[in-house]
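Structures follow.
Two complexes come next, and they have one chain in common, subunit A, joined by subunit B in the first and subunit C in the second.
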Partner chain A sequence: MAHTHNHSTKIDFTFPAGAKSLLLGGIALGVICLALTFFMFDDALHTRFWTNYLHNTVFFTGIAFMSLFIYCAFTTAYAGWHTVMKRVWESYSQFLIVGLILMLPLVAGVFLHWHHLYHWTDTSLMDPANPEYDHILAGKSGFLNKYWYGFGTVIILGVYVLFANRLRSLSIKEDENGTSDWSYHQKMRNWAAAFLPIAGFTSAALIWQWVMSIDAHWYSTMFAWYATASWGCAAFALTILTLIYLKSLGYFENMTDEHLHDLGKYLFAFSIFWTYLWFSQFMLIWYSNNGEETTYFYTRVHQYPVLWYANLAVNFLLPFFVLMRNSTKRKYGTLVFTSILVLIGHWWDYFMMIKPGALHTAHEALGHGHHGDHAEGHHDAAAHGADHAADHGAEALTHVANNTEDIAHAVEHASTFEAGFTLPGLLELGTMLGFLSLFLYVALNQLTKAKLEPQKDPYYEESLHHHV
Partner chain B sequence: MVTDSKEVFYGLYDDEEDLLVAVQRAKNAHLDIMDVYTPFPVHGLDPILGLSESRLHIAGFVYGATGTLTAFLFMTWVFTRDWPIIFGGKPYWSVPAFIPITFELTVLFAAIGMVVSFYTVCGLAPGVENPILDDRITDDKFCIAFQTNGFSSSEMNNLKGFFKSTGASKVSTKVI
Partner chain C sequence: MSAVVSSIRNPLVTGNKSYHDITEDLCAPTEKAPGLQWVIGFILAITLFSFGAFCIIWTIWMGIGSWNLNRTINWGWDITNFVWWIGIGHAGTLISAILLLFRQKWRTGVNRAAEAMTIFAVMCAGLFPLIHMGRLWLAFFIFPYPNTRGPLWVNFNSPLLWDVFAISTYFTVSLLFWYTGLVPDFATVRDRASGVRKKIYNTLSFGWTGSAKHWQRWEYLSLVLAGIATPLVLSVHTIVSFDFATSVIPGWHTTIFPPYFVAGAIFSGFAMVLTLMLVARKVLNLKDYITVEHIESMNKIILLTGSIVGVAYLTELFVAWYSVYPYEQFAFFNRALGPYYWSYWGMMICNVITPQLFWSKKMRTSVFWTFFLSIIINVGMWFERFVIIATTLARDYIPSSWSYYVPTWVEIGIFIGTIGLFFVLFLIFTRVAPVVAIAEIKSILKSSGDQYVGKDAKHHSHPQPASAYDDSNGFLQYWDGNDSSHDSITILKSVSGEATSVVAEPTVLKASLKDDLKKVEGIGPKIEGLLNAAGINTFVDLANASVESIQGILNAAGSRYSTHNPGTWGRQAQMAADGKWDELKAWQDILDGGKE
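So, the complex of A and B:
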């Protein structure tokens, strides 16, 4: 059979000037949207700004993390099919250092009370002498505290950055002076295998801290898996889009429909895996009907129905039915269509993990002490009631509202549509495009720094002959 | 029952690359291949032979969808019409509780349906004896077979020449 592989393929990537300016424009758009959110369309606590910032930082850092994880899993599993395009995942994983830097303001915010995303940052609630003493938060304070948040984020992400850099530099060194003793690959395999258990345990801790602790009273043992699977789907979708873009520029000639077919299968499979986790988490809580657990879903199903049902439609029904057939995984049109929607769909999924809880926390903080609007401000307190048995009204008069206008605003909108929370608004989309541009800018810039295809990798030849 | 016996003239190759080249040459020479037998799936063979994609997966989808509907509609009927029971304060028609069983029946129907279809299409069943040209086809040899009922000696010589020129390691005739 005639295998026609082009060994003199274009392997030196140059960042197209047009793409560069487009991405820089996207970054500027993101900065403008964040600034507009902060200065013009926000409450006194800047909840919308901080949730948007957290949402996008977590989402794109997660994509970088999952790219590194997938890369390490494939390396450990002696996989060879992906070798021709593995530099894309290497370059994605280089975004982790940017993610670490982007997390620093959030960490500083927890220490300096710049934001009130997390209910547990109010340590006065953990003082038994406080009439509002919250025994649940007090019980979790060993993990939900600023030191765990700060040092956990910096150290764990720091370790990820270390692994990403180590694997990347070994891979590039292999290009320069790799020989057939495969010593570089052996070292990469050791680093990759070491990363898997570290990633498995620590990513859960990060997700609990960053996302799940927004709903500080609530917890789910499925949550870390579910959130990681969401990152995984997004990572595969973005990989497919980047590869098809690079192919359209004439790169990756050796990356054929066969490779795209496998990436499509991964997108399909991860979407089903995500659905499995999403549903398992929902059904166990729905079935056991335990008040402190169901409040999470009660809020989302009843107050955010569009987010809730569209999430399932876009992230499960769409990839399931579109990517089920063989041929749709081999056509650019269907792959691009599905990947774009799934990427937005999982961004949307994170939106729903973060926004309702943060809005609730903001309502509580802002509505706190505003006696007259107490009932309305805590309209969803029924679901939350078990944990808030302490009567807010009793000590309300002792607190002085420092910004009556904002409080009135927050309370008035408590049970109705709230831009940027009930649905992503234009500012959210602009911020998302900004972060996406930053991510792609970093990734494409990294691609210029090494050969696009690792031609000295022991599995390179196997990858060229990949056949589904 | 009358069975038409087939005269089969076949050649064995030692390597799948030789086989692929030979099949391509047979196609180019418009030789009418009856079938090709290999001990494992050979990548790239189907397109050369001009085989169309299997439709088994379409059947699988239909079986799976049948399972989905069967499970879901049956549970709906049982719990809303036939024998409504309240479980844990949930409504009679509790869709989330139906999902796991619906999923299981989808998988079960698809799996059993596809196995039965596959066996039927291939003429396989317990106790069925299938003629085999050469035992080593199931081990390490790759076989191209031609049906030669009523072939003239010049046609046979043509096939012999084909096997010789493409490097078949063994050539033989068998009536099956």
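So, the complex of A and C:
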């Protein structure tokens, strides 16, 4: 179809004052919710506060990371069509520095024992002389330790920030000095290509440290890719929402239904990819029925059934059926509706990755009166004990005995509604809105600093005439 | 797809080709007698295949004991080869379906051959589970059919059975997809052929006429098949990975297997495509269609998928340590430092380290290095499957049953035989069907020909987009040149699927600009010749000519022609010139020999 193209489109973004105050209000709401959680609605270890903080920091930093990753992948693959809206991903990626700062209290907490999110932060368990010696945690201590957590987080995120800034500044310089020899683009292409393997090799380490190690005994090789795919879905959903909002303000006139259609396809494709990884991980663990592994899903299916089933409904069934048709990907209303639910859905997914394990850790720590006393070392199902029977004889009997105690714990969990754990409560919602506001504030503020559309990008013209 | 092409893009069709050149070049291998290289290759492939067939017969005759499998090592080269071939069978559908989704135009140069390769590789793969049964004649046991043997039934809980369904479905859809693409090209070959050959190709092309309706249905079917093929390509290797990962065997039971197997399959598939196409482009003289740009793009995919596989290898290795599960730790220790260390390090070096050489542009644009590394990767991916299968089974839970597995000559012979079979089929394919999809190359010529993009482009800058569009069926394109003085040019595919109105720059090529006037009902080859002689070459010319002047041409040619009535020709030609083929067709059904 012949498009009408407006080369003198609005390309200087001004942060609307209303939006600015709304987002600042949102940030304030988040701070208040976090404070309320910390001072009024929490256990002695402030588990709810710290899990909420970790959950949102990881989730929104992940969206920034995936935006950068997608941006680099598209640049490397000569995509072209997304050029008109690529500044949105550039601005999202600028949140990485904020993410790094937000991670610092968590890092400090690991060093200074401010929180007890991670079972492995109790190093006394790794001392063979301790009667509560946990040989599994001791075995993992080469990776699950404060140095890896601290330096890993800071260095890896620092590298991401470096790439995000470099690509952003090259892109802006291209706006100012770009010529048809495309030299800036060539440089960007090099940086983008280099980022892909770096991101691929390092992001798994972050996921393992930040999220998987909450269930400190449990492991799954798929977990890092699974969690990354979840970020990817959220990044596409938030991209669609921001673009439609900016379009409603009269910006991005050149970004048409055609572009939205493709973003819709990506949301659809990523949702299916996420489901594929979800299914593969769950199915293989369910099929093998090995207690060491099934404990993760057993807990979630039986003690958190609402979290569990809603996760699949919102993140798979909804985008699958709604976005299957061609026409739904071109309707703003449908896209907005789906994107909001998918964004919340993946936030919900991270909630489920983090909360049950952290609550269990806290219960163990608090239930036994003091930090050092952990029966949790034996929280795996009976199969685990049996597995070790051959190796450890008598010790295995203790495992099994302790498992009985665990089952009692499990029953207790199942029958108790824990606000902020069994389901997200109002405080969680408020905290989420706070982080979302912060994310959008940073992103929109970045958008004011450069032209909205990169008019000297070699693919700009192609993008204007994009036709699905 | 965008009608505007950035000048940063490189051409994908070189040699300043016209539509006619494309037809000539790509039909040539099916029309000429095979060259010496082909004959030598074919004899070699047949020989290998014959030896493989002999080894299969040997296995069936002597029993499965002629292999070195035993109670513990119940899978050896057989399943290694099976997974290897299945993996190679992944690139075809990936190129066709997924690269289409990602709008990578370079797919058009290699998709046909890659799809063929998919089908042949899946055939080779399918042989192994069958032979591995030992009693080949009982192969029907794997199908859940109503039986009279009592409560015997296949085990629906077994991923091995899922494999049967997944692979047969994938094979069927891939075959349909490949054949669908071939239909218009077979018609092109038919239109140039004569005698029995013409009859055969006519049957193969299902009487394709190239009408608008045919193209529309063809496009629609391709889209549907691509849609079905995309999940299938993922499902096949996912289920192959389930064969291992659903077990509780250390080294096999790991949740990352499904996506890691799929990435590995794509990796090995592209390596095999490169191995074959680098030879084919030289022997069949296809360098203008499979350019260095194509090779570079494929090498980038190799680099990407090789690195994904690398992340997966390291994840497995790391998590084995992290699990603090002694058997899992041992499985990986044994892989890296046990008796099969050579296969583990072979895998690591071939699949993860050597592809990193493609970070260098020099390497990934070098035909020699690409060919060399593609072989290395083929070897490396074989090692990967061998590592997974043999190292794990040779040292299971009971140290007393540990041993070292070495294949017998029969097992090696069967593997060599499948390589022979693969090449026999591929070599036959190169002689009977266009190895590069003619219709698809034509569809990208205007956006990717070297006369339009790249540093040697004659038609500079992007065409101004004001009225540029291509319609969704892609068989009809209007093109506005940058210079507004140029007329719109209509490019049509004629009955044969060949473009008859081939136009680049009107000012240059005006003289050769010619439409197939026979499409106008009432005009035959003789009358077309008369009209051409009178300077009427295109539909536009014919539409602009008055009925009287045409009648004059006919009268001047004698009484045989003067009886023809050209009353509707101008109007028919106008419809043709406007691309209103459906309308024209409908009207021609009413017309009687071109008369109202």
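Definition applied: the second predicted complex is superposed on the first by the 418 of 468 C-alpha atoms of A that agree within 3 Å, B and C clash if a C-alpha of one lies under 4 Å from a C-alpha of the other, contacts with A are read in each partner's own complex, and residues count from 1 in each chain.
One rule holds in what follows: a contact is a pair of C-beta atoms (placed from the backbone, for glycine too) under 8 Å apart; a residue touches a chain by one contact, two chains touch by 3 or more.
A quick note: this is a predicted structure, and the numbers were derived from the prediction, not measured.
Undergrad: Taking subunit A as the common reference for superposition, should the pair subunit B and subunit C be classed as clashing or as fitting?
TA: clash
Undergrad: Would you check which partner chain A:Lys20 touches, where first means subunit B only, second means subunit C only, and both and neither mean what they say?
TA: neither
Undergrad: Between subunit B and subunit C, whom does A:His113 touch in the aligned arrangement: first, second, both, or neither?
TA: So A:His113 meets neither subunit B nor subunit C here.
Undergrad: Once chain A of both complexes is superposed, is A:His467 in touch with subunit B (first), subunit C (second), both, or neither?
TA: Touch status of A:His467: both partners.
Undergrad: Identify the partner contact of A:Phe143: answer first if only subunit B is touched, second if only subunit C is, both if each is, neither if none is.
TA: second
Undergrad: Quick one: classify A:Asn326 as touching subunit B (first), subunit C (second), both or neither.
TA: first
Undergrad: Figure out whether A:Tyr287 sits in contact with subunit B (first) or subunit C (second), or with both, or with neither.
TA: Both partners.
Undergrad: Could you tell me if A:Trp225 is touching subunit B, subunit C, both of them or neither one (first, second, both, neither)?
TA: second
Undergrad: Could you let me know whether more residues of subunit A are touched by subunit B or by subunit C?
TA: In the superposed model, C touches more residues of subunit A.
Undergrad: Could you point to the stretch of subunit B, among 7-15, 61-69 or 79-87, that collides with subunit C in the superposition?
TA: The superposed arrangement places subunit B into subunit C at 7-15.
Undergrad: On subunit A, what residues does subunit B touch that subunit C touches as well?
TA: Residues 1, 283, 287, 467, which sit in both footprints.
Undergrad: Which of the residues in subunit B come into contact with subunit A in the complex?
TA: 17, 20-21, 24, 43-44, 48, 53, 57, 61, 88-90, 96-97, 99-100
Undergrad: What part of subunit C is in contact with subunit A in the complex they form?
TA: 1-9, 101-104, 234, 238, 242, 245-248, 253-259, 300, 304, 307-308, 311-312, 314-316, 319, 322-326, 462, 465-470
Undergrad: Can you list the subunit A residues touching subunit B in their complex?
TA: Touching subunit B: residues 1, 279, 282-283, 286-287, 289, 324, 326, 467 of subunit A.
Undergrad: Quick one: which bits of subunit A touch subunit C in the complex? Just the residue numbers, please.
TA: 1-3, 5, 76-81, 135-136, 139-140, 143, 180, 182, 185, 196-197, 200-201, 204, 208, 219-225, 265, 276-277, 280-281, 283-285, 287-288, 290, 292, 391, 458-459, 461-468
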